[in-house]
Each structure stands twice: as structure tokens, then as C-alpha cells.
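What follows is a pair of complexes built around subunit A, which joins subunit B in one and subunit C in the other.
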Partner chain A sequence: MKTKFQRRLMREARYAVTKRWWIWIIAGLLPLQALALSGEEVMKKSQAAFLYPGKDFKARVVMKLINKDGQERVRELTMLRKNVGEAGGEQKYFMYFFQPADVKDMTFMTYKYPARDDDRWMFIPAINMVKRIAAQDKRSSFVGSDFTYEDVSGRDLEDDTHALEREEKIGGRDCYVVKSTPKGSDADFGYKLTWVDKANFLPLKEEQYDKKGARYKLFTADEVADVQGIPTVVKRSMKNLQTGHRTEVAYLKSGYNLGIEDSLFTERFLRQPPRKWID
Partner chain B sequence: MMKFSLVEFSIRRPKWVLLLTGLITLLFLTQFPKIRTDTNPKHMLPATSDVRVWNDEVDKTFGLYEDTIVVGVENDAGVLNRETLGRIARITDGILALPGVASRDVNGFTTITNVTAEAGTLKVGPLMPAAPKTHAEVEALRAALFGNPLFVNRVISKDGKTTAIYVPLEKGANGAEIADKIRAIVAQEKGPERYYIAGDPVARDTFGAEMFKLMAMFSPIAGMIMFAAIQYMFRNLALSAAMMGVSMVAIIWSMGLLIGVGFPVHIMSSMAPVFLMAIATDSIHIFNEFYFRYKEKGDKLAAIRETMAAVSRPVRFTALATAAGFAVLLFMNIVPVQVFGGLIAFGTVVLRLLSFSFIPAVLTFVREDRLVRAAGSESVEGDRTARALGRLGAFGAARPGMTVAVALALVAVSVWGTSKIHVNNNLVAWFKPSSEIRVADTAMNAALGGTSLGYLVVQSKEPEFMKQPEAERWIEGLQRHLEALPEVGKTFSVVDYVKRINRVLHDDDPKYDAVPQTKDMVGQYLFLFSMSAKPSDLDNVVDSAFGKANIWVQMKTWDADAMRQVIAAAERYEKANPLPLTVKPAGIAYFNLVWNDEVLGDLVRGFSLALVVVFAILALDFRSFKWALVAYAPLLFTILFIYGVVGFVGKDFDMPLSVMSTLSLGMAVDFAIHFVSRLRQRLAEVGGADLPGALAWTAARPGKGIMRNAVLFAAAFSVMMFAPLTPYVVVGAFIVSMMLLSALLTLLLIPALVMLGRRWLVA
Partner chain C sequence: MARFAALCAVLLLVPTAARAEVALSGFLQQNTAANTAAANPDGRHTKWLEERAQLKLDASGGAWRLLAKGDLAYDHLGRQDQSELREGYVDYTASRWDLRAGRQVITWGLGDLVFVNDVFPKDHEALFAGRPLEYLKRGVDAVKLGAYPEFANFELVLSPGFRESRIPDARRFHLYDPMPAVAKRETVKPGQGDVGLRIYRDVAGYDAALYLYRGFQRTPSMRPDSMTAPTKISYFYPQLSVYGASVSGRAGDGVLSLEAAYYDSRQDRSGNDFAVPNSQTRLLAGYQIQPAEDLTLGFQYYAEIMQDYGAYVAALPPGFPMEKRWSHTVTARLTQFFRHQTLRLSAYASYNASNGDHYVNPELRYSFTDKVWGALGANFFGGKPWGQFGQLSRDDNAYLQVRYEF
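Now for the complex of A and B:
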């Protein structure tokens, strides 16, 4: 259910789009352009649309970790993101945990760099300690979910080769299907197929195959909403097809371009995050 | 009446009988291609049994795998060097790529989660992401391994010479196939390392392969030995062939039925062919009597009729006793034993049916000239064996007091021996010490924490309780308490992770190698851990609600007793340290224990039942309790003697032995039935005046049949003593000694007892 406020936002966003007449010219050219797109370009646009929209972004995130028998564990957090440069460039993430209860006030911060290991810090309130955490394995699970760190904050495009396989409709939407194969051997998957929406370049579905070629994980964008004129995946899930474990993620409140200060991403605020940013 | 007409029909229309038998046999034979084997010890108990339901639940709660192959790598110069580590990395990569392997949860140097702090940075990730390239890297790995109690005795031995890769298998994966592929991967590496492939699936599949070997090789060999023995005894190919034919037909019918109905062949049923072959030797009494009668009368058809009339009653009742002895197995709790009991009972009935149809039919085809020659020596007076046996019976009859006294003295000693019997099942001990699996198991147990795995599930009524420091400390205390047991090599729980993180967060200060003070600390440490660890790392040791914790207990022996010690120790600890927590055992080691106790319960139940049933059959046959008692004696004494020996030798009393003891009653009593029946027939014929004479005659004439039967039986089973699996060896030795002993006791002890109680019996 969208609130009245959200509906108004969307109306305004639509209005803003129609006012910019030149967009329509570009949009008219799109099919031609699209034909010429390579797998590389599709993934680049997809990365920009999925992981880099806006200057900054905030969302209240509820993650449900659900095992094969339907038992649930909940993680609730506020996620803040700020882009340092262009799409594909450096980013800073800040996460504040509400749930599970005993980890309330824990905070987690990541400086994400293209083509090198991230920097990560964690604040452990019970012992009042900020600890740097090595990020040697980006393919490890994010807070015990089926998403890996890379699934959350993105994988370097240069780590894989991308080939446009075919075009296909998903739920009535035209998609590019791109096959991405890791160049190195460190990834936990053999290759993945991504269904990228031709219109907004959001990934609607992703299938990861293990090194033996068996389907391993399935990502789906379950709901896309317009947030301040920006198409945003507000519900997504990742299912491990081999264990039957799955994780459902919902963005309860989200907003772009809120003017998050750079100073937030420091050890000081990691210990004492400002109310206004975490609620 | 019914049986008699069957004999008549078979003599008149022998070709029909043979044709019909052949057709039915073909019908059963068509079922053979559907054969399946089942070597999973889990299936000893039904899927609905408490222990299996509970174990499945535990597997589910903690995301545990049913099957794990353990690959051991041993290098006398130590595994921590660049070459060996390079090999380990390559081998692990190879294993990860195998279909059927649950790659995400393979634990070896390259994949196991390590928690360390380096230059103030917390690192949670694979211990050795790639093979070290420098000496310094090797040393760093050494420090990481020995600095972390989670690794010592699990992936590295204390002396640094052995490591292990734990390879869990997806549900339904073929363990034998994967083990073979791992062997191929390992074989590509040239170096001084030794490799061991162990674990439950390997043991099971090795067992399955050996079982088939036993059925396909040993059964025919046993058959050939019997054939040769019969040929030597009766010197007539047609008769020997008839005997073998009967057992073959019975085997094909029974196995065909088993397979056709959809049962898998299990360890017990794989022994069925040898058993049926041995039971078929009961027809020996027909041939034996036929030779004597033919010699006396010279008329083949009349001899057949008279033989059938004379032996029909004992043959029928021995069959009944045997069938009943096996049928009591149907009342046991162990599934394959039930199936086996039903299978043999059916086979025995088939055998008897054939005794009254197929055998007389074949006898009609035997050429008389050959018979005359073969039966020539067959008379009580002219036959050396018969004479010797007659003297044996006469000795018993002449010195009854001494014979019985000696037997009683032996019984007393045996009872003492029986008291030393130790009930224990050890699945790995079913393999010979030189077998690959035993060697691997021994080596791994010597180097690491132990290959036998049990779980202790610590349960609380409250969720989140496992995060309470007192619960954590309680579990830690229990682990230390268990590790004091000599059988326990290593224990492992969520507390080990908590303590490890506590220490690592505090700059690796050993002071913090302890459970932290508050629940929040525990919760936050575990959350921190779960941010980077494999999901299974925590899932394996706590449930998602943190209301249950799972302690892994590695034991150095597969003895069911080891788990009993662990459970007893846990109970003592629970009593001494009251907290609202309960401990419940689970895992394969626990299953083995439950199953072990079931075996014992089954034994007591089955044995008592068999004793009653066999006595009832004896009483019914002889229409006399007194004679039944006399016939009972050799049986009881035989069994006591054998158990006395088992007790003295110190052989563990396990499943195969316990099953044997039950069904041996039904088989061992056969001789006594023959003896007493024929003795009483003789007494009726010649009058009761010359009792010692009648006893000597019985010991000589039907006695020769008894001896022939026992020797054939023993010959068939002696083959099993050369089998590669100890249960077969034990069963073989057991049956051989039981048959010979009970034949001897029948011929010696019954005459003594009859003489002692002649007033009471004959009057």
C-alpha cells in the first residue's frame, strides 16, 4: 500500500518527466540505440540504475531469512548510501541495525571502491568497540542472508565478461538477457544470467549457476516502485535453490537525494548515529 | 493324507512335476533384474522409529548432512609445506567441482571459516584461500591452525602430519561414485602423502559391494562344495543334482519373491542363499533312508513310497521347527531381520514342498543299475561310518551317568563363560583390519578427533536462551566434562565460536578466551560472526531461535558403548549443574546405540519365543512332554557351549550373532527330532525290550543321515569363514560349530538321557 504522500510524489515525478520534452526525443531514439547495446553496456546501465541512482539514498530495510521449513529470522536496519563519484565509482554505505533485539545499535559501515577490496567497520555496542573488518571475501553472506555483500552493493563489472544472450519478456516487460562469466576463479558461481528491463535497466531476475553448471541462486525483483521519479526495486528476494533457504527484502521507507553529509561516514557517528538519519 | 497323495502324484507324473517346478522357477527368476541392495545401517530400524524421527528433526534444525565423506591427507614430514598444501588446494578444488558434493559446506584448509585479528582488523573467512607461495605464508598458516582450538584435531592433527577434508553429500548422491572420483583426483597427485577416504557412505558402499561379492561368489562355491560332498556320499549324479536342484529352486523362489515384492537385499537377506542351501540338506534324510530301503527291498517305487512314509513325519516337523525358528524373527524390531525371517521361513516351506514332490519325482528317474552299485555299501552292518556312529550311541547308552555328568560340567563352565558376554555393535569392526576402510578409520582416529560422530542437543524452553552467558558456560563445562572421557576425541559447539570471537576482538589476548559477561555481547559477537561466515557455520551449532544448541561429539571408536558413556556423562553433568536445560543425544553414534539395545531386547524376546515355539513343536510331534524334554537337551547344551566360547573368547555379541542364536534353535533341533522320531518308530517295530540296541540302531542308521546332514550343512557354511566381512565369518563359524556339535550331542547325549530316564519315558 502506498501512502497518500507517496502517490503525490509519483504524480509529481510523472509531471516532471512530461515537462522535459527532450527526454521524449531520446526515448524515441532508444530502440535504435538498444539494438546496438553490448552485454557490457547493458550491465553498466543496469549498475547505474540499480545501485547508483541519486546522489544519496536512504531506506528502512526489513530482511526475512526463511529456511526450507518456513522458519523466519528477521533483520531490520536503516541503510544509507552516498555516491562519491559517478556511477560505477566509489560509494559509502552506513547501516544501523534495529533487529534482532540484541544487536540493536550495532552499526556497519562500508567504503566501496571499484577494483579493490572494500573497507568495512563495525560498531559493537556491548563492548563499545569499533572494529575494522577485513573484506577478503565479497561472496560471503550478508548478515546470514542469501545475499552476498556483492549482491547488496554490487560486483565490479570488470570481474566478469558480459555477453548479450537474447531478449526475452518477463512479466510483460522486455528484457535483455546477459550472461556474465567471472574472469578469475575466486567467485562462488560459474556464471550468471541477468534479465535487465529494457525500459529502466533494473535487473528483474538473475540466475546464478554454480561451477558445476547447476542452478544455484535465484534473484527476483518482486516489486518496482517509483521513488521520486526513480524506478526502485522495493521488494526483492534471493533464493538458494540448493538449500531451499531464501531471503526476502522489503524497503519500507526510501528516499533519494536527502543531502546525507560525508561526515556521517566516520567512526564517531558509527558509535553514535544521528537520530534523523537512522529512523 | 495330503502329503501322501502329493508323493503318489509325483511318482506317477514325475515329468509334470519337474516341468511345473521349472516354470514356476522361471517366473520367479524374471524378478531378479529388479534387485536393489540396501546397506544403510539406518534402515535397520523403521523410518517411524523414535530415534530416526528425532535424528531427522535434528538434521533439519541444524542443517546437518546425512552423509559426509572424510578425506584424510597424511605426510610423515608434516602437511604444512608448500608442496603438500598445493596438493590439498588442488584436491579440494577437484572435490568442489564434483556433482553430488554439497560444495558450499565442504570443510578443509581452503574452505573452513577462520576468525582472526590482524593489525587490528577482524578477519572472518576461509583459512587458506589459496596455497601459500612463501615459507612465511606457510608459517602464518601454521600459527593460525594451532592458535585456534576449533581446528586442532578437526582439520589438523596435533603433530601436524594429518589433515582432513570433510565432504558432505547432497541428498540422494551416490557415495560410492563420489568416493571413486575422489580417489581418482587424489591419484593424480604424485608425492609422499598418503590419502584415506573414510566416512559412513564409503563404509556402506564398500559393504554393499562385498555383499554382492559374497552372494555372487560364495553362494556358488558353497553350492559346489555341497555338491561334491553329496556326490561323495551317494555316488549318484542324479541324486546329487536333485539335491542341488531343490536348493537352487528354493533360493530362486525365495529371492525372487523378496525382490518381486520390492524389498531391498540387506546384509541378512544376502546370507539367505547359503542358509537355504544348508536347510535343503535336510532332504539328505530322504536319500539316506531311500538307500537303506532300496538295499533291503530292491524295488525302486516301493522304496520311494516306504521312505517317504518313514521320514515324512520327522521331515515335516523339522521343517516346521526350522520355519518356526525363522518366523519368530518376524516379531523382532529390526527390519532386515524381520525380512530375513520371513524369507527363510518361506524358503523352508518351499523346500519341504519340493521334498515331497520334486525329490520323489527325480528318484523315479534314477537308473536302477546305478542305484544297485551306489547303495551296495549302505547297511548298518556293512558301513564303517554307520558302525562308528552306532558305537557312539551305544557308548552314551552304556554309560549314561558319566556322559550326562560330563555334559553338565561343560554346561556349568559355559554358563560362566556366557556371563562374560559383552553386547556391542561396531559397524567399522565388521570390516577386516586390513581392509581399506578399517585402515583409513584407524589412521584418522589416531591422528584426529575421531570418526564416529554423535550430537548432544541442548534444549531450552525459552528462545534466545543460548545467548545467555550462563547457558554458554554450562555448555562449555559440559564439553570439558565430556572431553575427559577416553573415548571422546573432540567436542565442538557454538561456545567455541563465541570464545574465539571474544579473544580475537581483544587483540588475541588469551585472557578473553572465555564466555563474555552479558547476553548482548554473545548476541553481538555471533551477529558479527554471521556477517561473514558461511551460513552453515552457525546453523550447525544453534537453531535459528537460539533455543537449542548442538554439541558435536567426535569419538575415537564406533563402539555403541562409547555413546552410552557420553550420554551417562551428560546426565551426571546435568544433575550436578542444574539449569533449565535438557540434553538429548542424536546423530549416527546415538542411532547405533539405540539399535544396539534393540538388538539385545530383540534377542531376549526372540530367544524366549523360539524356545517356547520349538518346545511346543517337539511336544506336538512326539505327543509327549517327556520326549520333547529329552530332544530339547542337545539343543540347549549346544547353544550354551557356543555362547560360553563366545564369552571366553571375548567376541562382541553383535547383531549377526544375536540373530543366529535365535534361529539356530530351529535348525539345531532338527537332529533331535529325527533321532527321537526314528527311535520311537524303531521301538514300536521291534518292541521296547532291547532299548540299548534300538538306541545303537538309531545312532547308526538315521544317525548316519544326521551326520551327513551336519557335515553338509557345515561344509556349506564353512565357505563363509573365508568372507571378507566379519559378520559372515562369525555366522559361518557359528553355524559350522553348532551343526557339528548338535549332531554329536544328539547321538551321544540322547541315548544317555533315554537310558537314565527309561522307566519314566518308556512306561
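Now for the complex of A and C:
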């Protein structure tokens, strides 16, 4: 026969177990909640990890344009990027060309704004002239490569709807697979699938499909390196699966948070790019 | 050859300067332009036939930079050695100001082959004879001071000596001459230099600039010693001041450029001297769009308005062609890239609605490799016999440029 006291003790113990059971349920649900990112959120984090890390960024970029017969053309430039605000916000880009010889010393500047057209300027050294250039077609090729301007500096997330399709491993890394479909009809692709690394949110692969649903372009992140603690895609390629033309890009000498001044992104330095930033 | 020797001396001396980073580059080029309409006044069938080698040295150390660009060239149409120092200057860059001293190319304004505020010397012959675009501009020997305080940017250009624009050679081009019988001719260049100031800044997302210039017309005016029985014609460069402004920025889907300038003909403010150009207002509106991938279209409207038209008409000697008060010109340019931007088709057309003057320049340019490119193009001219392009109507030509860069 249990005493009144024992019964009370048992009741409280049962209550505690019950209470703990609820805690476990909640605890179990929490990480699930965190993991169940929407396609939108995955792409937002991916944009931040891929295009916005650091306050600023510099890389010597070597692009190889390779046709289906294996003939190569090389485009070499220094790219400088500075974020104006938070990830997803305004950015400024400055590019200085080393190669090919006929565009040596040419510089190129972009002010990138979310949800509206960029401002672009070009300096043509042959006639020593700075020109503003029309920039409404972000899907056009960047210096003749298979990358578009948007592939280089990012596509507005609001231009597409993003749906989390599935999760899948690529090269041993867990990825989200997100399907992005353009809201408007101006894009040159029908939809794209992006494999986003769950650990660092870098896009490891992207398949673009044309408007008929055929595979069109394939992006792969071929090497990810740790640059000052920031995972960085230092080798990437884009292949046009319909023409066989491809572009391989290597980032040499990359660095973050270098203290690039705002004044760099002005006509003054477009005309006279400072050695310390472009080498 | 003295210039070449000086260039060589510079090229040899500079690398020895301590701790400088030195880069050498250059090109070899062949350039031919063949007549398609008629022979030259000198009987030849080519406007241009030349081999050229350029050597460029770019050295920098600390805040200093030296750039020297020298050309060795041989002309097969009688000029022979055409070697020249294209550019040669020293830069000093501080945080809020900089300085460039020496021969340098300066381009102001926004026009595409239309010049409103670009008061610096040009080589019109180069354009009409199918030479690469960079030869359209001639360097000036000047000191350029840049100052960059917070509120605006300033560029002051001081040239101790005047440098004129190069006009087409009368042996190669059929130029309009109101007094062809007068054989004795002389050219008087200004004994002074000139000065220009450009102030520019961003205004609400637009690039805005003001331009001031005090100097001389870059192309000569002619004055006969007598109107009734001329024995000699003097060419001279009238005094000129220019006050201008420009603005450019995004408008709709493209880029809008607006430019205006007042040309104050200081030597003849009343407009009574027929030999000196009347004071003038120049207006330019340009719009550029990119309607499809690798395709750019550009349109310009350009006007020249004579200031003292009544005085001009009254002073014009009989037999001289009379210009209209307003001169309206429209231009269009199409640029289309193909084959991963290695093949470029461009076409430029200009039409003056006031006198029918027109000029068309189609060009196809291909980069065979990253180091070798070639361009095939043509220049077609037409209009009244005294118009800027009309006088060249027998000078239509097709040209070829081939360049190896290293």
C-alpha cells in the first residue's frame, strides 16, 4: 500500500516524464524546422555565400573560352568587388583587362542594384574615352564567354520563383536541389536547377534548361578553396551543351576584406587604374 | 629620325630607373585603303598604304608612372618615314590630386564621331583613309592637373604650344577649294598654347560635366590677300573659346547623352569677317540601346546653329557657297558581335538634313587569334561639292587593317 506521499511522488514523476516527452518533441522538431528551408531561403543564402562574402573581394581572373574543336581564347582580368550594404544589396564592380592584347588596359565598371538595371561604364584606352554603356540585357555574354553578366555578378532572386525539389549528394557533399523558374519571359532559359552545398551554401552545379525543356547550359564549381576562412569557388566552368562551347574560369590571387576604397569606383580611376589594385 | 632616337633613349633609360615595374608591348600592322570611285588628285589609286610598328613602354614605381608609345611607320605613297611619338608622359598620383605631363591623348564629351566639347586635335585624314580608330585622335603636349575634392572633380589642361587637327591631304583627297587658281599658300600657326578645364561629378545618378576652353580652332580658315585678284592664300587658326556642358545616364532601357556648347569665335564676335567661322551653338542628343544579345544601336541628333547669320550672309563674298543657319545631322550606329565576340560587324551612317552631306562606314573585324586581328571596311561619302563629306564624294575607299599584337 503506497502512502499518500508516495502516490504524490509517482504522479509528479509521471508528470515530469510527460513534460520531458514534450520537451523532446519540441527539441526534435526544432532542427527539422531549421532544415526545412524554402527554395527561396536556400537561394538567398547561396547568393550571400557565392557573390557577397567579405566587405570586398579581389581576384585575378583567367577565363579560357574553348570551342568544340578545342581551340582556346584567353581573357584575363582583375576583378574587384565591393559591397555597399548587406548581402543581396548594392555592389560595385571594377574590372581591368590584361588579355587579349587588343583590350589591354581597358577598364570596366558596374554599379549593381537589386531589382533594377545596372549602371555600366567602360574606358577605351585607344581614344582615352569613358563611355556609359547600355546594360538592360543582363543575359548577354560576358566578354564573349559562356557566362552571362548575371552569372558573373548575380541574378536578382525576385526574377525567379524558387522551389526546393529534393536533397542529393554531389561528390560526397549533401546538397539542396532548387528549381528556379523565371517569372517573366525575358530570360533565355526556361528554368534551372541549382545544387547548393548544405554546409557552405555554395552552388556546386547548375543546369539550365531552354524554353523547350532541353538541357542548355551546365555550370560546375570545379574547385572550392578556403580563402581567409571563406569557402570560395576558385575554379568554375560553364558549358553550352547545345553548341559544345565552354568557358573555364580560374581565380588566382583571391583575397577578401582588403579595404578597397569607394573612390576606386569612379571615372578618375577608371581612366588611371591604380597599380596596387590591379596587379 | 631624331624623334625616334629620343624615343629609343627614353626606352633605354627608363628600365634602369630604380624599382620600376616595366612592361613592354606593341604591334605590327599593315594598313591599305584602295579607291573605289576615282583616282586620287595625284593619280594614285590608294588612299593609304603603310606598314607600322608600335612599341609601348609602361613603367611604374610608387606614385610615378611613365608611358611611352612610339610608332615606326613607312608610307608608300610619298611620305615615307612617318615615325612619331604617339604618347609619352609621366604621371604622378596623390590621393586627392594627380598630374600628367607630356604628350597625351585627351577626349572630352560624349559624341560618336560628332564633336561638341572635344576641343582636342584630331586626325580627320585617318578616319577617312580607313585607319584604326585610335588614329582619329592626336596627342597634345600638355600638363594635365586633376583635383578631386569631395564636391566635384577638376581636370585642367595647359598646353604651352598649339597642336592642330590633321585635315585630309589635297594630293589624296578631292578637297573643295573656292580659289583653285591661287598657287601660293602659307600656313600661320598660333604662337601661343591653349587651356581647358573640365569639371565633372555625379548628379542624381547622371554623369554631369562642364567644359571651358580658351584657345583656337583646330582646323584652319583661309584668307586671300585680295578678293578681286588674289595672289596668295593664308591659312590660320582663329581664336576660339568654348563653354559647354554634358550629361549622360540611364533613360528607359538605354543610355541618354545630352551635350551642348557655345563656340565663341573671339576673332570675329560680330560675324562680319567671312574668313573666320561665325560664333556657334552646338547641340547633341544621343541614345544607345542594346535590344538583343551582342547587338547595340546608337542614334544621335546633332545641330550647329550660327550665331550672327545676318552678318554672315552680308559678308559672304559672291561665289562662295552659303551655309544654312541651322545644320541638322542625324547619325546611326549598329554594332553586332558574332562568334563569342571575336567577329564584329559595325556600321556608322551620318546624314545632314540641311545640305545632304552623308558618310557611311561599314566594317567587319575579326580576331583570328588572341594576337592577330583584321578589319575590312569602307568609307562612302556624298553631298554637295563643298560639304564636309560631299567634297569627298570621289574619295570612296575600301580598307584593310591587319595587326599582330605582342
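Methods note: the second predicted complex is superposed on the first by the 245 of 279 C-alpha atoms of A that agree within 3 Å, B and C clash if a C-alpha of one lies under 4 Å from a C-alpha of the other, contacts with A are read in each partner's own complex, and residues count from 1 in each chain.
Note that a residue touches a chain if its C-beta (ideal position, glycine included) is under 8 Å from a C-beta of that chain, and two chains touch if they have at least 3 such contacts.
Just so it is clear, the model here is predicted, and its values are computed rather than measured.
Check subunit A with both subunit B and subunit C modelled on it and let me know: fit or clash.
Partners clash after overlay.
Looking at A:Arg166 after the superposition, I want to know if it touches subunit B, subunit C, both of them or none. Which is it: first, second, both, neither?
neither
Output check: A:Val74 vs subunit B and subunit C. Expected answer is one of first, second, both, neither. What do you get?
Touch status of A:Val74: second partner only.
Kindly classify A:Pro100 by the partners it touches after superposition: subunit B alone (first), subunit C alone (second), both, or neither?
Both partners, subunit B and subunit C.
In the superposed arrangement, does A:Gln242 touch subunit B (first), subunit C (second), both or neither?
first
For A:Pro274 in the superposed arrangement: first (subunit B), second (subunit C), both or neither?
second
Should A:Met122 be classified as contacting the first partner (subunit B), the second (subunit C), both, or neither?
first
Name the contact category of A:Ile133: first (subunit B only), second (subunit C only), both, or neither.
Touch partners of A:Ile133: subunit B and subunit C.
Can A:Ser141 be said to touch subunit B (first), subunit C (second), both, or neither?
Both subunit B and subunit C are touched by A:Ser141.
So which subunit B segment collides with subunit C once the two are superposed: 203-211, 221-229 or 527-535?
527-535
Which positions of subunit A sit in both the subunit B and the subunit C interface?
In the superposed arrangement, which is not itself an observed complex, subunit A uses residues 65, 67, 73, 100, 102, 126-127, 129, 131-134, 136-137, 140-141, 143-144, 188, 245 for both subunit B and subunit C.
List the residues on subunit A that touch subunit B in their complex, please.
Contact set of subunit A toward subunit B: 65, 67-69, 71-73, 97, 100, 102-103, 106, 108, 122, 124-127, 129, 131-134, 136-137, 140-144, 186, 188, 210-212, 214, 242-243, 245.
Where on subunit B is subunit A touching in the complex?
Result: residues 60, 63, 96-99, 102-104, 118, 120-126, 129, 170, 464, 467, 505, 516, 518-525, 527-528, 530-535, 538, 544-545 of subunit B touch subunit A.
Which stretch or stretches of subunit C touch subunit A in the complex?
21, 25, 27, 60, 65, 91, 93, 98, 104-107, 110, 132-134, 136-137, 146, 148, 153, 200, 205, 207, 248-250, 253-255, 257, 288-294, 296, 337, 340-342, 367, 369-371, 373, 403, 405-406
Considering the complex alone, what residue numbers of subunit A touch subunit C?
Against subunit C, subunit A makes touches at 65, 67, 73-74, 99-102, 104, 117, 119, 126-129, 131-137, 139-141, 143-145, 188, 245, 263, 266-268, 272, 274-275.
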